[in-house]
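Order of writing sets the labels: A, B, C and D. Residues in every chain begin at 1.
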Amino acid sequence: MSNVLLNVENLNTYYGKSHILQGISFSLSDNDCMAILGRNGAGKTTTLRSLVNLSKPDSGNVIFMDENLKNIKPYYIAEKGMTLVPENRGMFPSLTVEESLSIISQYNSNNLWTLPKIFELFPSLKHRLKNKSNEFSGGEQQMLAISRALLTNPKLLLLDEPTQGLAPNIVNELFKALSSLLKSGLSIIIVEQNIKMALNLANKVSVIGKGKTKWTGSKSKFQNNTGVQKEWLGI
Amino acid sequence: MDYMEDKMKAVNYNPRLRLHLFIVLVVSALISIFFGGYFTRFFIAEIAILSIFAMSLDFLAARGGLVSLGHAMFLGIGAYSTTIFILNLGISPFIATILSLLIGCFIGLLISYFIVVLNGIFFIMVTLALGEMFHAWVFTSELLGGSDGISGIIRPDISFMGIDMNDPFIFAIYSLLWMSLIYFILSRITDSPLGRNLDALRQNHMRLSAIGGYAKVYKIIAFTISSGVASIAGSLYVQLNGFISPELTHWTVSGEGLIMIIVGGIGSISGAILGASVVYILQHELSNFISWWMLIVGLLFILVVLFMQDGLWGLIEKLRLRLLKGKNKI
Amino acid sequence: MISFLFRYFKLLITLPFLFCVANANDKNIIKIGTLLPYSGVYTVLGEEITNAMKLAFEEQEDIFDKKIEVIRGDTEVKPNIALQKARKLISSDKVDILVGPVSSSVALAIRDVVVQTKTPLIIPNAGANVLTREKCSKFITRISFSNHQINAPMGTWMANQGIKTAFLLAPDYAAGKEMMSAFRDNFEAGGGSILGEEYTPFRKTKDFGPYLARIKNSGAEALYVFYAGGEAINFIKQAHSFGLGDIMKITGAGWTTSPLFLPAQKDAALGFIGSLNYVPSIDSVENNNFKKAYIDKYDRVPSEFAVQGYDTGKVIIEAVKSLSGDISNKEKLASAINNISVTGPRGPLTIDKKSNNVIQNIYIFEVVSGDNIPELKILDTIQAVKDPGSGCNL
Amino acid sequence: MTLFLLSAGLTIIFGLMKIVNLAHGSLYMIGAYIGLSIWTISTSFWLALILAPLFTALIGYLLYQVLFRHIQIADPMRQVLLTFGLIYIGLDSVRLFWGTMSHSISAPNILSNSIIVLGESYPSYRLFVIFIGILIAALLYIFLEKTKIGAKVRASVDDPEMAKLLRIDTDKILIYMFALGCGLAGLAGITVAPILGVEPGMDMEVLVLTLIVVVVGGPGSLKGALIGSLLIGFVDSYGKVYIPEIAQIIIYAVMAVTLLLKPNGLYGR
């Protein structure tokens, strides 16, 4: 067994006055890939945002690499090695690809991820360095978004609906890249509508319903538990 | 962006406390009118009229989620149209007020049709620009008296009922009546299904826009009502003071109105009245003693904005809760 | 619930009593209420007037054992605020005489209250013609000027100097237009003609460049202009840097180069010819004494605003003296004020019975270089100028 | 061009930080007054030109640390009211420190004459102001478009949340950009002082105009601020002269039309 990388305890987050997360708990080890599943509006996106403090949890703890992230700014969390690729991919319309990639501060020289390695993973980006990212297709945007995230040298990558709006062949390509990332030692939490694809990648599953963690376990246990699948996912 | 919207403050809403506060304010105003002198009566009338203006801004901000820096324009519309009705057309002032209300609503409707689609900051800027445009026009308009304004405007003559409106005592009561009427109307709207829809709209901008053009319609309704109320305030203002000049339509008047509702507590309606009273009394008293009162008032504004999220209303509510607790222990 | 209401009451019931405290009226104090700007952009005028008026009161130890108390009312140059302050001064402070205001819109706003309550009002600046014409009253005395009074003599004078054509430039508001039309009437009556006129948005014009270009091309022999405050400074400096003075005479209402603005305008103002009811270079005992006292006390050369304030103070003192100190009857006080004639720093002053506007000398001056700051050299003095207002039956 | 310097500062603050800064005019005024004091003490206009913007930027830095940090995420209404309070404070503190008299600053000798441009004589100081405007526009362009920090700034404008996730310290960037915006206001104040003088009330005179430029140009867009200030400046100056009947409302009309056609301004995102 590997070490515990991330431990989430009873997370509660408000969105205005509405209580969105009402108790999210799970934990993740090194090199795990967890799929977070749930219906629309169950609180999946908010969960990811709460992990990196973009939405501040009101109570509960996020412990990442033995450190409690309470009141730590997203910027420092990213520096510690956890970053999020949001649903809208967070493109910078006024920046070229080259600029988008260059603005990420790289302090230490023994970085795992460098530009050449990125281009190895996503060769198509290499030819579009001077283009602005808002001219890109959805797939290219997603690749750029993941590349940017990788350049921050994360230990844990949070992906919010990475395949949304992408053509099937691009989705396949993307998942190929993601599984090679997993092989290189990265951990991933993925929120995905496409449950089948997500389960191909993941080894753990957490199910969220109405803002609460309803079920957590390994992929095989999930696949055998039709009760959970039916009640919370409608499969 | 939806996360930004989310951070808009929750609206103070507590009908019982609202009514209590209103009664207290009206009773203290009545006491002042009965026992105060000539000046005090005018002062109370002026506060009552400003309260109407503050309530219109409060309604717009709390129910429509719209912040207007150009609302003084509607004060001006009410004031100038009343002036014209009384002086040029010889219409009785009471009817002039009603007509001004209609004109204010109509212009509000017309303007809001174009501008409610703009989001927060843009809306503020556009209302500011529209207000300044109106100010600039009034300032040079020969018809409206230009920079010197128009004076010699009379109050409603209801001497056939044996009441002399030129008595400040009577006029103060008259203003309070209008203020109360508007308070009750706005309270009713707030508590009605329309009010609840408006509130839902404000609290979750994104979700309601999903159900089509209704969001826009609601915002237009809120803006129109608010413009009409501000016009009434303008109309009464002219009748109180007997003159009108362009200074009334300057954007800083709108800004001071917003300060009043922030001090009172946004969304509570009677908080707007409280805020208007407190800010106005404060400015008046301070400027009698020190010439750099603006510095102090500015500082107070900033402190309120920073540290008193719910204004005086929030303070009273907290106090009330504490009292409640204390009582339950005994 | 009722107990709650009572709790609130205790908090709020004290509030009304703040206003119920009426000031006791001490018979041995003459209360002067000022309605002047002490905050906002016109503060400097309010200060000049108040300072000089106090100077006049200080020179007079006491009048029939009475002390003079000045209660300041800050108008903020907002008519509604001014009206409220007027009511307060009249009904709470029970002042005997009101002094103010600076701007005409404020004057018109407070006019009715003053007349209704029969409180004598002495206007130390506001110049709207209508205040001593259609809106005049026996309770309103203007010791300063009417817009017509300052500008009309200049029209005649310039026509007499042989200037045939002029261009008019002023801010687009009531006073600006009144001044220009007064000048125009007399200039045209003297045989001159106006080649063009421009009214610039009031307090919103920073760049006079486009106007200057137009004026240059108009071919007029003279420019007649009125500006005050920052606009006056900007205009004079910009006209100078555009070399307008080389092409035509720059003339105008004297406030454009008031001693208040000259330190900022400096040599750019040289050659400007203007008309005003006071210039510091008047050589009379009254003016020299006043100038000395004012500079000693406030460390700057008095402006015409200060003089108007000082004369206001003088008139009040003389009026009280003429009543032997008994000012309890406000109608008598008002007519005493209107019957005063004094000689102040700007020369002899009397009140025109037909309008209650002051009759005074108007000085035509030219800006010439001085020690450090330019000075106003008197070219001509027009004696005892009246405002034509006469409709006021007192 | 003054309008550009002011608008550039405001557009940075407004577009980047989503702060509606009504006190921008006050900073312009304070910049001019600080310049006045430096000029009076040192008699060097150049020293004032350099130091006044720095002091104004420092004031901006402090304001941000003390006030804006807390309301940055709050609704626009609070920002409006907070800065409204600052206008009051600005006006009175200028009065307390510098009095109520109007002042003026002389242009340095080498810029006090006139130059013949296209057959018309034109005051050389005005050309200098235009030069400063172009210089600042160019410097800002290079800074924002060609440097890595500039790219970070733009990223923070485009999507502040994402920028944070990419290890960009947006808070630090915001505070320096706020100070820069305030500094530009101060620079505008001291630059125009020799033409327009220094007096209380100058804050309000430019505020609305500046806001209109920013809204017309599109908040956060430097190009928008430049084009917008030229457009509004031109319409304002010449509209008044050639169509005086509607002079008072013409710039507002330009703004209204722009927003009806392009709700985010000419170059808004």
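Everything that follows uses one rule, which is that contacts are C-beta pairs under 8 Å (C-beta built on N, C-alpha and C of every residue); 3 or more make two chains touch, one makes a residue touch a chain.
Predicted model, so just to flag it, every value in this text is computed and none were measured.
Asks: Could you quickly compare B-C and C-D and let me know which has more C-beta contacts?
Replies: The comparison resolves to B-C.
Asks: If you take the mean of the Cα atoms for each chain, which one ends up farthest from chain C?
Replies: A
Asks: Any idea how many Å lie between the Cα centroids of chain C and chain D?
Replies: Those two chain centres are 35 Å apart.
Asks: Cα centroid separation between chain A and chain D, in whole Å?
Replies: Between these chains, centre-to-centre, one finds 41 Å.
Asks: Would you mind pulling out the distance in Å between where the CA atoms of chain A average out and where those of chain B do?
Replies: The separation of the two C-alpha centroids amounts to 49 Å.
Asks: Mind pulling the residue numbers of chain C that touch at least two other chains?
Replies: In chain C, residues 39, 43, 172, 201, 204 touch at least two other chains, as defined above.
Asks: By the touch rule stated above, which residues of chain B touch at least two different other chains?
Replies: Counting only residues that touch two or more other chains, chain B contributes 3, 7-8, 136, 139-140, 292-294.
Asks: What are the residue numbers in chain D that touch two or more other chains?
Replies: Residues 91-92, 95, 161, 248 of chain D each touch two or more of the other chains.
Asks: Considering only the defined contacts, which chain D positions touch chain B in the complex?
Replies: 14, 18, 20, 22, 67, 70-71, 73-78, 80-82, 84-89, 91-93, 95-96, 161, 208, 211-212, 214-215, 219, 248-249, 252-253, 255-256, 259-260, 263-264
Asks: Which residues of chain B touch chain D in the complex?
Replies: The contact residues of chain B facing chain D are 3-4, 7-9, 61, 67, 69, 114, 117-118, 120-122, 124-126, 128-130, 132-133, 136-137, 139-140, 251-252, 255, 258-259, 262, 292-295, 297-302, 305-306.
Asks: Show me the residue ranges of chain C that touch chain B in the complex, using the header's touch definition.
Replies: Residue positions touching the partner: 1, 4-5, 7-9, 12-13, 15-16, 18-20, 22, 38-39, 43, 72-74, 76-81, 83-84, 87-88, 90-92, 104-105, 108-109, 111-112, 128, 130, 135, 172-175, 177, 201-202, 204.
Asks: Flag every residue of chain D that touches chain A in the complex, lowest number first.
Replies: 148, 151-152, 154-155, 157-159, 161-171, 269
Asks: Residue numbers of chain B touching chain C in their complex, please.
Replies: Residue positions touching the partner: 20-21, 23-25, 27-29, 31-32, 35-40, 42-43, 46, 136, 139-140, 146-149, 151-152, 237, 241-243, 245-248, 277, 281, 284-285, 287-288, 291-294, 316, 320, 323.
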